[in-house]
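Input: one structure, supplied below.
Should a chain be cited, it is by its letter among A, B and C, assigned in written order, with residues numbered from 1 in that chain.
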Amino acid sequence: MTKTSKVLLGLLAMGFSLTAYAKENIKIGALVAATGPASFLGDPELKTLEMYIEKINAAGGVMGKNIELIAYDTGANPKKATTFVKRLISQDKVVAILGGSASGETMAILPFIKKAKIPLVSMAGSIKIVKPAKKFVFKTPATDRMACEKIFEYLKKKSKTNVALISGNGGFGKSMRAQCKEVAPAFGVKIVADETYGPKDTDMTPQLTKIKSMTNVDAVVNPGFGQGPAIVTKNFKQLGMKQTLVQSHGVASKKFIELTGNASEGVIVASPPVVVAALLKDSNPIKQIALDYINDYETKYNAPVSTFGGYAYDALNLVVNAMKEANSTDPKAIRDAIESTTSYVGLNGIYKMSKNDHLGLDIDSSIKMLVIKNKDWQLAK
Amino acid sequence: MGNKGLFLDRGIVTTIIILSVIPFLLQNSFHYEIAIMCMLNAVICIGLNMLVGYTGQISLGHGAFAGLGAYVAVILSTTYEFDPVLSILVACIVLALIAFIVSKPILKLEGHYLAMGTLAVGIIISIVLNNEDGFTGGPDGMGVSEFNILGYVFENDIQWYVLSAIFLVFSIWALQNVINSPFGRILRCIRDSETAAKAIGADVPYYKTYVFVISVVIATAAGSLYSYYTGFISPEESGFMRSIELVVMIVFGGLGRVYGAVFGAIIITALPQFLTFLHDYEHMVFGAIIIFVMIFMPKGIVSIFDVLKVSKDKK
Amino acid sequence: MVELLQYSFGGITVGFIYALVGLGFTVIYNSSKIINFSQGEFVMIGGMAAVFLSYAKFPFVLAFPLAVMLASLLGYMLFKLVSMSQNSSVTSLIILTLGYSIFVRGASQVGFDKQMHTLPAFISDTPISIFGATITPQAILVIVVSLCIVFALYYMFNKTKLGKAMLATADNKDAAKLVGISVKKILIMNFMISSAIAAIGGIVLTPITSTNYEIGVILGLKGFCAAIIGGIGNPFGAVFGGVLLGILESFVAGYLSSEYKDAVAFIVLLLILFFFPGGLFGAKKSSRV
């Protein structure tokens, strides 16, 4: 053999062994809104995924192989999401996809998921993602509809059924607002006002003043996330309004209390269990998992946990558990195993999937009504 | 140049050859997506370049018109089950009317005021699209029906690639014809000095409006096709950032140069895909690249070819 | 009646923020005829830097000026970039400042973070009640600070030699050079003053609205509207434009529809552009061929 061909053969061999090594990784894709208007969703989601995949790999990986996370930042832009989902499917060749962070981008990628027959576990809120149930699509957060139902159930119990809505008009706020209006009659709740604000608005006193001037308002419900609800809360206090103020699960995080300061006193918040791990009953299996998560996340990132990181945690574990259960990394097998999850104890509730229910959560265990007292959480009675 | 415009010149022939070869380099659906996005963006940019580069009218709201046009087409074919090609045609007519009406007051403005005026119109349009969720599906967007021409359904990458490529070549050819015609000369005169154009008797408002309407119609057609291709549309398509992205493309590529719009569109569309490895640093780097090009290559990327040509001519 | 007053309070508070941003635009435009699309980012930098300095245990008395200095430094950097660019066409400069705003936002994501942050109210949280409508002490502070800045600028431009030199430069660069004014120094100062003003606004605003790396975008746009409505080039116009805009937004949200509140700024802008092309207080233009 000539010297050149020896070198070439050597390089070829190296090349093969490298690709063979690369094949050892299990590729999971993620579409998160790490920048842009939903970045405080995507940021903790990505951080959670990175942290736990590192942990899993350090403990030996799944079926002896390491998980490789291929994450792209969609900026909550559905157009970018469709581009990146194609990249994940046809170029990166992932076996499962986690994401999007927001409902718009999730809905946009569904046709591609269907065509590629790869399981998707979304971290977004809209009920439309799983109703009607789509074969390859699952999600981990409780739906916005469920949040409305829980909130109205609570308000009905308190006999506060004349409700004024003030909603952010981003995707999440709009969607939850529509769901609330739909489910209200079933709880005897009457929507007496329907104000909105833009996600970047800095002053909601006009809308709240309108509500304040009405005589028959028992409670004010604020679907939305981000800086909007914090400003609404502060304005609410400033105007001296006495009604019950209820915030959605979009703000269930210590960050909300930090942003609102004294104005947070007495505010009711609908929240997934992870946020109040310490207040859960010891007999609740979620408690220990949640406390561990809080400890891990807050130690590593020096920031309070949010529900959003929790959605990512549950999404990842559903997929990883499914892989272990099916003992396979074939996308179809993973999908089947996710669907047959009968009892995964997650940060957001206890998941029980079925053919027609690709969320698998019930209202009681997955949403808690909390009240903020002395800048800390308490279970609302 | 000397061409009477009906002949295919070197540039177009080269473009056709390149476009024919590219599919052999594209290995998967993702590559096709990028190629098709580049081509459709290039078409929109060609139209925008005619307005901004050749006629000197800045528009910071072009994305909104493209988005609005796409929404009209998509709503017609999805919600009302019109034939898709008919939907696009109707959308073009509707947007042409809207552009005509808007242009009358807007194009009286100049320089920064025109920039702000177009920006304002664009933002108002995108707010409306975001709020009227009964029609548009709101901030979460809506799914889009399939696309077919007289029953021939476009459902795979090759079909879309060919369609987009034909559209692109046609647009380049059309632009070159316009630019080299007396009409095109008057446009450039308007860009260089509106007062002088008036002095030689050109009906300046007529030309400005004409170009504005054409650029909006082109954007409507290309924008609609893109929405059909991805199967989804959302208000982001009409947002401020999209308008800025389009202007960056043509300035980056080279204002007032036929291929400037094309190069700019290709680079700005494809570049983010190469920068994903930067993760959090992606935006910083992107901003830095824009700044760098604006400072050191003010005539756009296309000016590289000028330099090469000059040194070649010197030999 | 109480509602009217309340809407006005809210509107005036927001309006003065728009005014500060618009004022920043005006200062730069006056001296260099540049529309700085990254003006909003200086507002963001002021707030974010102050927050992060306070996390790093800097006392507020230090954090405030340091944050403003950081913003001024970024203003200086922008000046350097603008002066390096050979193409001074309107479009080019717009893209350059836009590129800079993307860069600064991106740097903020990385240098600070992507979360929302707030500062405690400087004086107190307790709302003050005036004839039944309430306003927070922080909002009053915003108004007071903004007015101080406006008067300081007025004093500088009209009563000091430096200010007169700035006006001269804005009017005619070459003539200014001929009388010995260092045009370059003046321009640098203008950029730095403009970003400092924005940063101060950002810091006093943070206790009211919280801050994050993205707040600059919409504030920049609305501040710009304020400046044009008032007449770009006229500082008092910018202030008037800002407050008018804030009040209009508030009234629209209160009396008409809160959904289209955001559109108000841009609709008013268009009306002004069509019917009062120079802005409400602007000068008439003439152009040479």
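Keep in mind that, in the parts below, contacts are C-beta pairs under 8 Å (C-beta built on N, C-alpha and C of every residue); 3 or more make two chains touch, one makes a residue touch a chain.
Remember, it's a predicted structure, so these values are computed and weren't measured experimentally.
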Overall pattern in which the protein chains touch one another (line/ring/star/complete/other): complete
Chain whose mean Cα position lies farthest from chain B: A
Where chain A and chain C are represented by their mean Cα positions, the distance between them in whole Å: 36
Approximate Å spacing (C-alpha centroids) for the pair chain B, chain C: 32
Residues of chain A touching at least two other chains: 34-35, 169
Chain C residues counted as touching two or more neighbouring chains: 109, 217, 259, 262
Contacts with two or more other chains, residues of chain B listed in rising order: 131, 280, 282-283
List of chain A residues in touch with chain C within their complex: 34-37, 39-40, 43, 169, 195-198, 200-203, 205-207, 209-210, 213, 226-227, 230-231, 234, 237-240, 255, 258-259, 261-263, 303
Footprint of chain B on chain A - complex, ascending: 34-35, 72-73, 77-79, 82-83, 86-87, 89-91, 102-104, 107-108, 111, 126, 169-171, 174-175
Residue ranges of chain C in contact with chain B within the complex: 35, 81, 84-87, 90-92, 94-96, 98-107, 109-110, 217, 221, 224-225, 228, 232, 259-260, 262-263, 266-267, 269-270, 273-274, 277, 287, 289
Chain A-facing residues of chain B, complex: 27-31, 33-34, 37, 130-131, 133, 138-141, 143, 230-232, 234, 236-237, 273, 276, 279-280, 282-283
Chain C contact footprint on chain B (complex, rising order): 52, 58, 60, 105, 108-113, 115-117, 119-121, 123-124, 127-128, 131, 193, 195-196, 199, 240, 244, 247-248, 251-252, 255, 280-291, 294-295, 298-299
